[in-house]
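Paired with chain B in one complex and with chain C in the other, chain A is shared by the two complexes that follow.
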Partner chain A sequence: MTMKISRTNTAAALWCLMIIGFALVPVLMTSTYQLNLACHVLIWGLFAVAFNMLWGVTGMLSFGQALYYGLGAYFVGLMVEYLGRAWYLPAIGIGILAAALTAFLLGLIVIRVGGVYFTMLTLAFGQLAWQIMFKWYEFTGGDDGIQGIIPPGILANPIVYYYGLLVLVMISIWMLKRMAYSPFGLILRCVRQNPERVRFLGRRVRRNQLRVYIISSLFAALAGSLMAGVDNSIHTDMFFWTTSGEVILMSVLGGLNQFFGPFVGAAVIIMIEDIVGAWTEYWSLIIGTVILVMVIAFPKGLVGELHQLKLRLTQLRARRSQ
Partner chain B sequence: MNPILQLESVHKAFGGLQVTQNVSFAVMPGEISAIIGPNGAGKTTLFNQITGHLKPERGRILFKGHDVVGDSPQKIVSRGMGRAFQIASLFPDETVLDNIKVACLSKLDQTRRFFRPVRYFRQATERSYAILEDLGLAQHAGRLAFELSHGDQKLLDIGIALVLEPQLLLLDEPTAGMSPEERHRTRDMIKKLWKAYDLTLVFIEHDMDMVFGIAQKVRVLQQGALLAEGTPDEIRSNKAVVSAYLGEEL
Partner chain C sequence: MDFSFFITQTISGLTMATLLFLVASGLTLIFGVGNVFNFAHGSFYMIGAYFGYQLVAVWEINFWLALVLAGIGAGLVGMLAEALFLRRIYGRPNEGGFQILLTYCFILIIDDVVKLVWGTEYKSLPRPHGFTGAVNFGDIFLPAYNLLIIGVGVVVVVAAWWILARTRPGKIARAAAVDREMVDTLGVNVPLTMTLVFGIATGLGGMTGALAAPLRTVTPGAGIEVIIDSLIVVVLGGMGNFWGAWLGAILIGEVNAFAVAFLPKWASLFSFLVMVIVLIFKPEGLFAPRQVRKV
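Take a look at the complex of A and B:
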């Protein structure tokens, strides 16, 4: 019983620490550049955690989540561009709904195939979307994208926008965490480990895969739509396969089997990009090396290995006190 | 009383090989019976046809009066037939408790609950602990399934099947690969579960202590055909069976 209480307390303490830490960013940091960096960590963190519901939890390696991330961003960007700034917030909601609908329709197709075929098919659809956005110059601005997307009213203030974003991201991650530990989350983990047995429990494997595909995609769209207001622009890279690849790297780095792993992975990769990028343009080389070392030496990821270390220390202490 | 399971001239061939040859028998409710036979006699193939994994070419398989030939395995499971596999089919990275709990939540149709943590589902939790208690696995509830011993994994597999409250449970070599001591424990456990859960049990087994120790009825398969059927005493003194198991002590 005391075990349980202390575990819940630790979790609550970590949540508080994380929220306070991010809430203090605008107070402690003076430059808008650093604020911008914190926004990137939060958005990519949400995107990666949502992606990991698919991969780490359910075992579905999608290589096309950029499709939904881009969709969210482009709904905001295009509606603000053509309809006006007042459409900024409604566009977020509409983009999420559009992403959910797209995920439902595409999901019906891509979920029919498993394993590497699923991965390839999601990649194909992602690249198809990228190609459309790239070629449709008159509407989307093609390679140039669209600049000058400013949120309306008080949200135009970066600090206000930051706090709004912080609240939305934290609520989303909290919702995803509740989901991961609900009966639905348990079924998803079971689908990854032994789909045949899940069928024998009278549950439908594909329907649950479709559900999590839609959920993951709509949170990816939310992340994308929030990004439009951070960089005040949208660009076709948001749809490109490297964007899908980035969340895969973040999940691997942080730890696939840990809920917060991808979030930590996102923070680390963005920091590396920022710090190393300041003195060399070959920062991707450093990231490549880091990922290589992680995969070979620490396959559980940063959070996973930390967890393991903690476990071993408690065991050691227990043995010593005996 | 009507039989719970009735096979009528079930026939199946893989190419030229007759794996099931006109097998007919009836299993009465509440019965505990064994299917024995040398390797390759078609025991598992017969199970696969009963549970819908394979479709027989001819014949009927009546489960509680319904012909289940052509039904999917899932549909047959939902009718009340359970099965444990030769190799335990578990969720290896989940705890022992959650392995049972996911089955309980499925049975209670609560797997679409998105927001409440699993541990707050009291009915499923209590039921899971009760089953783990019956299986003698309660002290391992918090361990991960893959950490369990071979024997305990097979028991857990049976436990998952029990959650769905089957009336008929088929066990494919429940003691295969176990140490003599584990085998003993499993045998006692299966007998206990049979009584406690009011089951009709059919098991495939090579371990003759188990077969003659707990089965009320024994059926012998040889080259896909039913060679003999009877009480353990009848089977032991059956000349055809003895010669099929030439040299082996029954």
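Take a look at the complex of A and C:
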């Protein structure tokens, strides 16, 4: 008989492995470019995991999460630009609060309509915000965005910034994971599968939808605000619907029904962009084809299909030992 | 505001409305009949525009023939995309999300293929012979090509009405929109119907792309611009509502034309505002009878 490793231990081991892996990036890297890449993976990973709380867990397909991502980034960018670098960290907090407030107000409206109209309305609000940022040239810099956003003090060092970012992202993902497997997360799953019965159980569907909408948006804003310091710039594309679309792609690629699926999806897409982008400008053709194949042949996503494979192997072994 | 200005803006709004409707009608048709949301519809418009460019500017084929060929070409690509890929995900749990995803992949792929074939620089198409100048009514000068587009729009609307209302394929399409399973039971090949509807809709989109090419420039990003605009129109008219899309297109076209004249800077904001307001207060579409809202 082999030694039994419990599921929680395996999960903890994977967590440690992931954190150590990311923590070692600055030690092993050969250029700041790779550090930058790791930042992108972490930020998009957080954004995608937060987004999947909405879609994969609760079944609300928002096509407008770029609104909150952009809001977080623009709060940092604009406050640093107009008030000075000292406002960098407060701006992250203020941006998150503003995003939560916006999500609360918009959430009251968008959740009411539901279904495909929810998707359309979130898209419309996102595009509205994008247009405003795009046209309000005097204040936001329009299409040019704002460059030269440098974090204050010791955070200006990319390695220090990276570790700060790593800690924040890991704490956020840990919090989201706790939430996904808490009683609240369970209710969210029930909302996706059968809203009617959630009501029979005496729980409110819309209130829980609103809660998860606010939570997801808040972490999207955090991701955006962190990105402002990585790229040292903000631009209107952060609000554009293709940004919302990219997060959806990441979630599906990794696997909707797996907590870490979107994170893996984000990592893979960013890697593909980077590797393919190095030798051809036609990376969207490659990504499009990869996702197309995934959707048709492996609808459970990378992590989901791996999980399935593991399950099959266990079954096979069990049958053989009988 | 004097009269000639009013007429000029109205005609410019109607031109935009016609182009919008020609694209949006396909989008709404696909949604209505097959319950498929084709995010890549704008990309078929773009394919049509490039086909038009290739046929007219490079191979120097007659403009009118090119218009038809561009439509057929885009329609064939659309049918292929539906039959090879989209068809495989029908009926899956969470199908709506996968539809958006798959058609989003079409956007990514088509955009890059177009760049590969035609390059990234802007292309332009000359206006067809005889429609290069302006027509004047008294002291009002109207571009002849805009009037032509409006004319084509009217012809397509009438033809679409005739096909949908009076012919057997039209009836089958409408029946499939109401109850797919029942139509299937009656011995109609529903998957084939769906492919054909997809082909006609994307073909219409492609033809519009070629028709609009002399007014707008042909660029690889054209599809992304067009899809959002036609989405607004479709939502306004009620998703799947063919005639609603027509009225929605006229509304958006005119709102835009006058907004551009009076508030040039914020003009593009208006269509999103209209979309948001309609979705909040009447998500089933401006012109649809009010339905009992489900959960």
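As a working rule, the second predicted complex is superposed on the first by the 317 of 322 C-alpha atoms of A that agree within 3 Å, B and C clash if a C-alpha of one lies under 4 Å from a C-alpha of the other, contacts with A are read in each partner's own complex, and residues count from 1 in each chain.
The criterion applied here is as follows: a contact is a pair of C-beta atoms (placed from the backbone, for glycine too) under 8 Å apart; a residue touches a chain by one contact, two chains touch by 3 or more.
Quantities reported herein were computed from a predicted structural model and do not represent experimental measurements.
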item: Contacts of A:Phe184 with chain B and chain C, given as first, second, both or neither; value: first
item: Touching partner for A:Trp241 - first (chain B), second (chain C), both, neither; value: second
item: First, second, both or neither for A:Leu210, with chain B first and chain C second; value: neither
item: More chain A residues in contact - chain B or chain C; value: C
item: Partner chain(s) touched by A:Glu196 [first = chain B, second = chain C, both, neither]; value: both
item: Partner chain(s) touched by A:Gln131 [first = chain B, second = chain C, both, neither]; value: second
item: Chain B versus chain C as contact partner of A:Met170, first or second or both or neither; value: neither
item: First, second, both or neither for A:Leu306, with chain B first and chain C second; value: neither
item: Common ground on chain A, meaning residues reached by chain C in one complex and by chain B in the other; value: 196
item: Residue ranges of chain B touching chain A (in the complex, touch as defined); value: 73-74, 77-78, 83, 89-94, 98, 101-103, 105-107, 110-118, 121, 160, 164
item: Touching residues on chain C, where the partner in the complex is chain A; value: 37, 85, 88-89, 92, 94, 96-98, 100-102, 104-109, 111-113, 115-116, 224, 228, 231-232, 235, 239, 265-266, 268-269, 272-273, 275-276, 279-280, 283, 295
item: Touching residues (chain side chain A, partner chain C) in the complex; value: 55, 59, 61, 63, 109, 112-114, 116-117, 119-121, 123-125, 127-128, 131-132, 135, 195-196, 205, 241-242, 245, 248-249, 252, 256, 282, 284-285, 287-289, 291-292, 295-296, 299
item: Touching residues (chain side chain A, partner chain B) in the complex; value: 175, 178-179, 181-187, 189-190, 193-194, 196-197, 199-203, 208, 257
